[in-house]
Amino acid sequence: MSEITYLEAIREGLFEEMERDKNVFCLGEDIGAYGGAFKVTDGLMAKYGEQRVIDTPISETAIIGAAAGAAHMGLRPVCEMQFIDFLSSAYSILTNYVATARYRAMLPCPMVVRGPSGGYVRGGPFHSQNPEAAFLHTPGLKIVYPATASDAKGLLKSAIRDEDCVLYFEHKYLYRRIREEMPAGDHLTPIGKARVAREGRDVSIITYAATVWKALEAAEQVEREDGLSVEVIDLRSLLPMDEDAIVATVKKTNRVLVVHEDTRTGGVAGEITARINEKAFEWLDAPVLRITAADVPLPYSPPLEDYVLPQTSDIVAGLRKLAAY
Amino acid sequence: MSEITYLEAIREGLFEEMERDKNVFCLGEDIGAYGGAFKVTDGLMAKYGEQRVIDTPISETAIIGAAAGAAHMGLRPVCEMQFIDFLSSAYSILTNYVATARYRAMLPCPMVVRGPSGGYVRGGPFHSQNPEAAFLHTPGLKIVYPATASDAKGLLKSAIRDEDCVLYFEHKYLYRRIREEMPAGDHLTPIGKARVAREGRDVSIITYAATVWKALEAAEQVEREDGLSVEVIDLRSLLPMDEDAIVATVKKTNRVLVVHEDTRTGGVAGEITARINEKAFEWLDAPVLRITAADVPLPYSPPLEDYVLPQTSDIVAGLRKLAAY
Amino acid sequence: MARSSTAASKPANVREESPRTNDRGPLSREQKLELYYFMRLTRSLEERLVNLYRQTKVVGGLFRSLGQEADAVGSAYALDRSKGDVLSPLIRNLGSMLVQGAKPNEIIKQYMAKGDSPTRGRELNIHYGDLVRGFIGQISHLGDMVPVMAGVTLSFKMRRQDRVGLVYVGDGATSTGAFHEGINFAAVQRCPLVVVVENNGYAYSTPLSKQTAVTQLVDKAIGYGIAGEQADGNDVIATYEATKRAVDRARAGGGVTLVELITYRRKGHAEHDNQSYVPAGEIDRWALENDPIDRYVRRLLDDGVTQPEIAALDTRVQKEIDLATDEADASPMPDPTDALVGVYADPPVVPPLWFREGINSAVEVNERPSSWGTHDV
Amino acid sequence: MARSSTAASKPANVREESPRTNDRGPLSREQKLELYYFMRLTRSLEERLVNLYRQTKVVGGLFRSLGQEADAVGSAYALDRSKGDVLSPLIRNLGSMLVQGAKPNEIIKQYMAKGDSPTRGRELNIHYGDLVRGFIGQISHLGDMVPVMAGVTLSFKMRRQDRVGLVYVGDGATSTGAFHEGINFAAVQRCPLVVVVENNGYAYSTPLSKQTAVTQLVDKAIGYGIAGEQADGNDVIATYEATKRAVDRARAGGGVTLVELITYRRKGHAEHDNQSYVPAGEIDRWALENDPIDRYVRRLLDDGVTQPEIAALDTRVQKEIDLATDEADASPMPDPTDALVGVYADPPVVPPLWFREGINSAVEVNERPSSWGTHDV
């Protein structure tokens, strides 16, 4: 078996689930004949036809709402947002209708909403967003954001089989930049379980998505240059969040750097910090620090985007500060 | 001068600003002839006419978008959401268009979005929401959420005069339940400044909106029953957040309980905890604890709503745990 | 009654209590009486709810459909429950829900926020549904049910089922983006969907002229490239027939129809609304000249139905409502900790927060604030 | 040129370079040549951008309006800049922006993400505006500009200004909730707004038949109770005249008009799009038989304009583009820390995060990944 990219892993997951369960179908803008803006669904319509691969009008609210209705009736919709930035256009129906369906009306609503997310690609303020913080706050939703090709496949397959609505964010910077050999067989990554991306003793980095790779770079640099042993936790799932894995790494290193690409205020790092505080305060030898984007809309020009988004050198600075604390 | 309710204070603020500046106008559903679902705008159309008090179609996106367009041209729109829960229907245009207008296009967008928020009123999942966490994460917006009648008036007037978009959340449980005499003259409450609602030495409560009153109840109870001296900080503004006031109270009491009515995961308490961690970690004698709603859609039946929302006895429990830590 | 050929792919046990068949013929005498029964049940049940509301036994607001019973009942009656048709009601569609099999005791329990109500006290008033009986609970956000029903009916089409869906929107809700996206999506996909626009003249206090620049909402059908029907919503038979044409069209693969039903909201948006914004005399005129039940009774009598037959139905209705009230009254409020159950399939229960471990209630009494504070204005 | 009576309440210095007047008469010879100039400038400027794109000097995607120059230029030309009219362009409306006074050097700097571009490198391509010249920058979210322009034109109405607004939407954008809410809001308020629907047959890869069930988008006007106009968008004069009727109607207090312009998108959604989804021959047929510039040149020659006159304009266009390119090429990239300026009026600058204090850049080089990864498919 040969290596495939993060993007190909998502596609493979889609094909396998469409093949496994005839109730699975895809809907979104330009996903059919064209195969999607990033070609993630390339070939899907050719194989499964227009009934199971639906090109929709430019109507994110209709896409999410129609998916919910179909899900009530036993189908398993997979919605594509052409860019995840446009999920905001379905914010109301997703947080109010979909997220509450089971609780307020005992209506099952198994569906997946996926789409290209994240920056570092000169996409500007409306093609680079990280939407996780906007939904972390909504009981009834689940959120995953894979950093590796095998997790991209395994989490998508788990999301499609989940009984509730899973927001599946795929990082477009990783689409074609990372490759990996897929585990054999029916590969499922459990939702709600973090991954230890790198073992370490001195400092922990808790992160997810594209910044996992920057964290690993930084970890290697400080090991080389400072002899520091850094553990890197890839959360993979944000809702539910793997609190046990977070507490375990805190107890191990007693120093935590939380890193995310998203803007700082109101970002996911706050929730992680609060949980560490509640569950492992006595184990902290230093404050939990955050390395994040600056609190501005993401600008497009390379010098500006590079300034706003967290970079490897920032993580290195954070690790050194914690180690010296 | 006599006491007026929180609701009347909002109305008084609206009348004063409409009178002061002819560029101020109001738009929303049923705000004109009817005076709004809660009668906040009662009498406004009679005095200022249909041109400055506009009854709109049921179109939250159009309300916010039209307000932005008018604001670009120098007007000062004040949008009413009939219930703040329906602000979700304008989430995209608010976070993508309005919040970024100045930054990406140097377009001024001075506008206020206000509406009845919060629970404890048997409103069920769609008439009780606390939307602050959904917007805390959006650079370009400001958020205020007053707890007293005088702040309700003072913050509204400041919001209307602010050069950027201010989300002004008013707590419907407080509408007719609290009264206060208004400060004389042109009363403005600064945006971004917290208020010490109660001085104390042993433990600090950081909160805002309706739970300020529950915090004060709890503070009195533990003073009576345990001889504890509790400080209560009413943030009033959530974005920008008064970090100095937060750090000051931490340094004073070294024990912090963060309380909000909103659900827990991804709520504002996480951000507050992270900032305390970064700015005053050495001053903490105990973990920062959170008293919040449970992570469920807010149910409607009194026993259920009372179970889900934070109550005074919960705050008492939190204070005692911190004091004993 | 003959099951549809696609019974297999229908929800398990679609119950059949209704004398309706899916024949194309005119309504039988039995069916005509059933229409009366449902309209009367709707009105009397709401009147009972008003009493309970005055006794402060209702938690939250009370929403009436007085004067709109014909549009709700007549339109829902055009569906075929034996085929597993599904509808999505709005706040004025108590009658539609009753036609689909909703029970008075469920309604009263919902309004009283009881623990054994269909939503176990989680949602208000008639915000509930049942897939088996074929109705889906609305949420408050107007317009959202249109995309949802587009998806429900898309599933009928994908599975080649012989089923139809019907969704209600008010005149005001036609202004929402969700309505637009949903009806357009369904139109393009030619979903078997009927969109009933209940034009009752007002959205809360807002008259139609401030909601849209069209004078009749059926014109919106043209903008979506779909069929349009219009009927007198206070004429239950005309309403039934117009909706039936739309249902038949949908079932035959003809896609979406927008049906405008012209009616009038005689009560306020909710009980607390004093309707100060309504021109003097307007309400009385509709009450006197155009009450859907009065009109229908006259018609039934002309058709040879007798007063005793009608009186018998009235008695039946009263008995059912009395029984339902007693049952609802006697049933318990929810157990507080049930609030933690069922947000997700997995985990099935959210653990209590640390400060609530072992605590069943954090307050002594569950007081009932006057709903949203809108009662006392 | 005579200022409008409401000059006082108009933005300070509305510049007047255009030979246009707000008279109702036919276009002057000078104006007709100006139409040609703007179409040619649009096309040649985009061709220059293609070269820069191939040299990887463009950051991000490149969007063409090849074959749509007439609809953009002709419609924008119907506005009266001397009165302070405002338009909101979309990605195919480079021509409209040029008519309103946008400059080639601004466009090229935007595409090169330069620090002295109108958005200082914050936004992409032609996403920028200028209230003084009367155009407002779009955001990516389709449909949102319709409510925004409803508000802009609402302000004209509230202040009794003699100004008109024009907003563009594509065939695909008509499916968005924002379009619906915005046009309905403007219709009810009778705002002086023209909504130009550019029907170019495709939304990215999606043909009109999968976007809506109507066959002509002008039918949507009926659903909103507003006036509708339709024109051949590849005929610059017909486009101008239809839009002018709508603009005059708006200025006269006649409210909103939906103008459908029928045209064709000859290039892909963006440069990376290979248009595999387009039926064979379709593009060539439009190029050969229906190029808006070729058609207009023939017409001008018939009207007695001479080849030398046209050639002179072509030379002028080339010179302007060469100058603009040199200027853009020479201008600097933004200073990284400018990213922290201007999120709010107060505070004017966001303080750098602690790990960036004193650091101007956290990377050695600003590499240019192939935009959204869509180039190499």
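As written, the chain order gives the labels A, B, C and D, with residue 1 at the start of each chain.
By our rule, a residue touches a chain if its C-beta (ideal position, glycine included) is under 8 Å from a C-beta of that chain, and two chains touch if they have at least 3 such contacts.
Being a predicted model, the structure only gives us computed values, none of them experimental.
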Looking at A-D and A-C, which one has the bigger number of contacting C-beta pairs? A-D
Taking each chain's centre as the mean of its Cα atoms, which chain lies farthest from chain C? D
Can you give the whole-Å distance between the Cα centres of chain A and chain D? 35
Chain A and chain B: spacing of chain centres that average the CA atoms, whole Å: 31
When centres are defined as mean Cα positions, the distance from chain B to chain D in whole Å is 40
Among all residues of chain A, which ones touch two or more of the remaining chains? 56-57, 59, 61-62, 85-86, 88-89, 92, 96, 100, 103-104, 125-126, 139-140, 278, 295-297, 299
Which chain D residues reach two or more other chains? 122-123, 127, 139-141, 175-178, 181, 184-185, 188, 210-212, 343, 350
Chain C contacts chain B in the complex at 59-60, 113-115, 120-124, 127, 139-143, 172-173, 175-178, 203-206, 210-212, 276-277, 333-340, 343, 350, 352-353, 355-356, 360-363, 366-369, 371-374, 376-377
Can you tell me which positions in chain C touch chain A when the two form their complex? 119, 122-123, 127-129, 131, 136-137, 139-141, 144, 146-156, 158, 177-178, 181-182, 184-185, 188-189, 342-347, 350, 354
Write out the stretch or stretches of chain A touching chain C in their complex. 25, 51-52, 54, 56-57, 59-75, 77, 92-93, 96-97, 100, 102-108, 139-140, 142, 162-164, 240, 278
Can you name the residues of chain B that touch chain A in the complex? 85-86, 88-89, 91-92, 95-96, 99-100, 103-104, 125-126, 133-134, 136-140, 239, 241, 262-263, 265-274, 277-278, 281, 284, 286-290, 295-297, 299
Residue positions on chain A within touch of chain D in the complex are 7, 29-30, 33-34, 37-39, 55-59, 61-62, 82-83, 85-86, 88-89, 116, 120-127, 172-173, 175-176, 264, 291-292, 294-297, 299-304, 306-308, 311, 313-314, 317-318, 321
